[in-house]
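Here come two complexes built around chain A, the first alongside chain B, the second alongside chain C.
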Partner chain A sequence: MMNNRYLRVFLKIFSAIISIGAFLLIWHIATNGTKLGELMPGPIELISSLIKSTYTNIGKYTIIGHILFSLSRVLIAFTVGGVIGILLGTAMGWYKTAEAIFRPFYEMIRPIPPIAWISLAILWFGLGEIMKYFVIFLAAFSIITYNAFAGAQAVDPVLIGAAKMLGAKDSRIFRSIVFPSAVPYIFAGLHTAISASWATVVAAEMVRASEGAGWLIIQGMEMNNMIQILIGIIAIGIVGLLLSIIMRGVEAKLCAWSKSGK
Partner chain B sequence: MSKNENKGPKKKSKKYILISIASVFLFLFIWWLYTDVFKAVPANALPSPIKVISTFFIKFVETKPEGATMLQHIFSSLQTTLTGYAIGVAVGVPLGICMGWFDKFDMFVRPIFDLLRPIPGIAWIPVMIVFFGIGLMSKAMVIFMTALIACVVNSYSGTKQTLNVHLWVGRTFGASNLEMLFRIAIPSAMPLILTGLRVALAASWSALVAAELLASNRGLGFMIQQCRVIGRPDVIIAGMITIGGVGALLTYLLKLLEKLLLKGRKNI
Partner chain C sequence: MQTNIKVEVKNLTKSFGDLLVLDDISFNVTSGEFLCIVGPTGCGKTTFLNSLTKLYSITKGSILVNNEPVNLKKHNIAYIFQENSTFPWLTVEQNVSFGLDIKKVPKDKKKENIKEVLDIVGLYAFRKYYPVQLSASMVQRVSIARAFATKPELLLMDEPYGQLDIELRYKLEDELIRLWKKTNTTVLFITHNIEEAVYLGDRILVLSNKPTKVKESIDNHIPRPRSIVSPEFVKLRNRVTELIKWW
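Then we have the complex of A and B:
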C-alpha cells in the first residue's frame, strides 16, 4: 500500500516533468529562428528576463514592486468589501426587513460585471487610487454578500427553534447561531472573491494606472514588448495561485470544525 | 426564503414586498432630488434617473454620440462573446471529460493546464491584441481562454465524481471502457458540466467588457468607454444596465436549458 502511494507520487511528478518539458521544447523549437520567433520570445529568453526583472526596474519599479502595488490595492478593497459584504449578507439572510430593503438593489447590481463600473468610477473618482479601490470593492462585495446571504439562509431551523424555545432574542440568535453557521459559506465566498478581486485589479490597472501588474502588461502591449507582457502574465498567475492557496489554508485552519463535521 | 417561514405568518410577506417597492422608490426619489432638483452633483458625473431612462430608450434609435445604436452594440458584443464561448465550450468540455476519465491523458495534460489555470482570462488581452490586432479574433480568443478554464474545471470534477458503484455495475454487465464513459460517467457529470457552462458564460461576458474597454470600435464596452471620454454618464449608466440585463438574460437561458436537460433530477 505504502509503496503504491510513493509510486503514484513519483509517476505524477515524472509525467509532469515530461509534459512541461515537452511543452517548453515545442515552444523553443517553434520560436527559435522562425517567423513566430519574431513575435514571441522563446522560453529560455523569457525565464532569463523574468529573473532579471526581479532586480531591474520596468517603469518605476521592479516586477516585485509592481506586484506589491497591485496586492495592496486588492487587500484594501477586499477587506472593506469583505466586512460590508459579510454584514449585509448575513443581515439580509436573517432579518426580513433588511432583505426587503436591500435585496432589490443588490439584485440590480449583481449581474453587472464589476469591470463595467470602471468607466463610471473614473468619472466619479478620477483616475487615482479610489477608482481602483471602488471597482475591486464591488467585485469582492457582490460575491461575499451572495455567499453570506446563502449561508445565513441555510441555517438549521432546528437550532433556531431550540434557541427560541430557550428564550433567546432575535439579535442573540443572529449572533450565536446564524452568523457562526454561515461562516463556511462566507469562507467559500472569500475564496472566490479574492480570485475575482485579483482579476479585477488587473483589468482596472490595464484601463488606467502608472504602476501595477495590469500596467505592466498593457505597457508591454503599447511598446510591442512581448517579453514584458509574458513575464507580467506569469507574475499575475503566480500571485493568483498564491492568494488562492493562502485563502484555502486559512479556510482549513478556521473552518476545521465544519470540514471534520461533514 | 423558506427558512423565514418560522419567523411570522405568511400574510406578512405582502408587507415586505411593500417595503421593497418603497425602498427602490425612495432611492430613485433621492437620486432625482439630488440631481434634478437641488443640482447638488454636476450633471457630467451623475445624471438624473429620468435622463438615464430616456437615454436608454433613445439609444435604441440614435447613433450619437459614439456612432452606433444600442442594438448594434449588443449584437456586436454578443457575436464576439458567443464565438469565443462556443470554441471554449467545444474544446473545454471534451478536454475536461477526457482528463477526468483517462488517467494517462490526465497525467500529462494536467500539469500544463495547472500552469494556465491561475491566469485570469483578461490578462491575455495584451497578448491576443499583439497577435490578432483589435478585431473580433483577439477578443474571441480572450473569451475562449476564459471559457475554457471554467469548462475544463467543471467537466473534470464532474467526471471524477462518478460513483464507483455505478461503474462496478457497468463492469459487471460487461460494458467496455468507452461505453461506461458515455453511458455512465458523462450523464452523471452532466449537472456539473452545465454549471461549468453557466460559470463560463458569466465569466466570458465580463471578460468581453474588459476586452472592449481596451480595444475595439464596436460593442457595449466600447460604448461606455467612449462615453467616459466625452463625458456622457447617462449613456454609461444605460450601457451598464444593458450589460447587466443581457448577462442576466444569458444566464437565465442557460438555466432553462439546464432544467430541460436535467428533467429527471428533482433537486435542480
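Then we have the complex of A and C:
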C-alpha cells in the first residue's frame, strides 16, 4: 500500500516535470527558430532576467521590493476588510436588527466589482495609498461579509437549543455557538478574498503607482519591455499561489474539527 | 404529597397552525421517577419536550416544574436531543465543560466534575478528542456526560439511542440506570422502542396517534437489574405492544 502511494506521488511529479520540460523546450525552439522570437523572449532569457531582478532594481526597487509593496497594501486592507466583514457578517446572520439595518446597504455594494470603484476612489481619496486601500478593502470586505453571513445563518438549530438548555444567554450563544460554527465558512471567504485582494492591488497599481507588481507590468508596457511585463506576471502568479497555500495551511489547522478522519 | 411532584402537565394543548398535535394532555411525574414515554413517530413526543423547555410556545394549558412555571435559569433541566448536539469545535472535555462554565462552577470543582462524568461514560481517555473523531455511540455519550455534569434535577432524553446498534444500546441503558440511581435525577425518557421502555422505566406512558392523548399509564415494578427474557418482562412487553398495535 505504502509503496503504491509513493509510486503514485513519484509518477505525478515525474509527469509534471515532463510536461513543463516539454513546454519550455517547445517555447525555446519556437522563439529561437521562428518569427515568434520577436513577440516573446525565450525561456532562458526570461528565467535569467527573473533571477537578476531579485538583486538589481527595476525602477526604485528589486522585484522583491515591489512585491513587498503590493503585499503590504493587500495585508493592511485585507485585515481591515476581514475584521469588519467577519463582525458585520456574523452579526447580520444572527441579530435580526443588524440584518434589517445593514443588509440592504450591503446588498447594494456587493454586486459591484471592486475595480469599478477605482475612478471614484481616485476622486475621493486622490492617487495615494488610501485609494488603493479602499478598493482592496471593498474586495475583501464584500466577500468575507457574505461568507460570514451565510455561515452564521447556517448554524445548526439543534446546537442553539443545546446551548440554551445549558443556560447560555443570547450574547453567549452568539460568541460560543454562532461564531465558531461560521468559522469554516469564514475561512472559505478569507481564501477567496485574499486572491481577490491580490488581483485588485495589481489593478489599482496599474492605474496609478510608482512601485508594486502592477506598476512593473504597466511600466513594462510603456517602455515596450516585454521581459519586465512577463517577470511581473510571473511574480504575481507565484505570490498569488503562495498566499493561497498559506491560507489553506492556516485553515487546515484552525478548522481541523470540521474534517473527518482519525 | 404535592411536594413530591416534579413535573405537572395540565391540559397541555399544542398546535402548529391548523395542525393539532398535543390534544389536552395531563399527567404528573414524581420526583426521582424514571418515566418512559412511548408513542408513534410524529405523534408529538419531541414537541412535548420542546414545549416543556420553552423551545416551543404552548398553545393552551401549562407545564409546571416544582409547582411553578418552567424557568430555565432556576430549574436545572438537561435535555439530550434526538440528533447529535455536541459542539463540533470543542473537544469532549470542553463540551462537558460548557454548561459548567456558564454556571461559573469554580475551576477545581469543575475539573473534578468533568472527570467524574467522563469516567462514568468511559470517555476520560478521549477527553482531548473532537466529536468528529469519535463513533456515533461515543458522541451520544458525550451529550449524556455533558447533561449529567450540570447535576440536573430533571433530565429529558429524546430517543437518545435510536441510531445505535443493539449491543451499544444495552450498554448505554445500563450506564444510564447507574447514573440515575447515583444522582436521584428525575428522568423523562422518550423512545419508540417498547423493549427499551420496559427495560428502563418505573412507569410507561403510552401516547396515541395525532391528535395525541395519553392512552394509558402503566406502572413497571419489575425489580432491577431486569432481564429481557424473564416471564414478567415478556408479559409487560406484550401488554404494551398490544396497546400500540394500532399505530
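By definition in this document, the second predicted complex is superposed on the first by the 255 of 262 C-alpha atoms of A that agree within 3 Å, B and C clash if a C-alpha of one lies under 4 Å from a C-alpha of the other, contacts with A are read in each partner's own complex, and residues count from 1 in each chain.
As a working rule, a contact is a pair of C-beta atoms (placed from the backbone, for glycine too) under 8 Å apart; a residue touches a chain by one contact, two chains touch by 3 or more.
Values in this document were obtained by computation on a predicted structure and should not be read as measured data.
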item: Partner chain in contact with A:161 - chain B first, chain C second, else both or neither; value: both
item: First, second, both or neither for A:7, with chain B first and chain C second; value: neither
item: Touching partner for A:29 - first (chain B), second (chain C), both, neither; value: neither
item: Partner chain in contact with A:124 - chain B first, chain C second, else both or neither; value: first
item: Greater residue coverage of chain A in the superposed arrangement, chain B or chain C; value: B
item: Which superposed partner A:177 touches (first chain B, second chain C, both, neither); value: second
item: Touched partner set for A:256, first chain B, second chain C, both or neither; value: second
item: Which superposed partner A:44 touches (first chain B, second chain C, both, neither); value: neither
item: Chain B/chain C common contact set on chain A; value: 161
item: Of chain A, residues touching chain C in the complex; value: 158-159, 161-168, 172, 176-177, 180-181, 183, 256-262
item: Chain B to chain A touching residues, read off their complex; value: 1, 3-4, 6-8, 12, 16-17, 19-20, 23-24, 27, 44-46, 107-112, 115-116, 118-127, 129-131, 205-206, 209-210, 213-214, 221, 224-225, 227-228, 231, 233, 236-237, 239-241, 243-245, 247-248, 251
item: Sites on chain A touched by chain B in the complex; value: 11-12, 15-16, 18-20, 23, 39, 96-97, 99-105, 108-120, 122-124, 153-155, 157, 160-161, 195, 198-199, 202-203, 206-207, 214, 217-218, 220-221, 224, 226, 229-230, 232-233, 236-238, 240-241, 244
item: Chain C to chain A touching residues, read off their complex; value: 50, 53, 55, 72-73, 77-79, 81, 83-85, 87-90, 98-99, 102-103, 130-133, 143, 146, 150
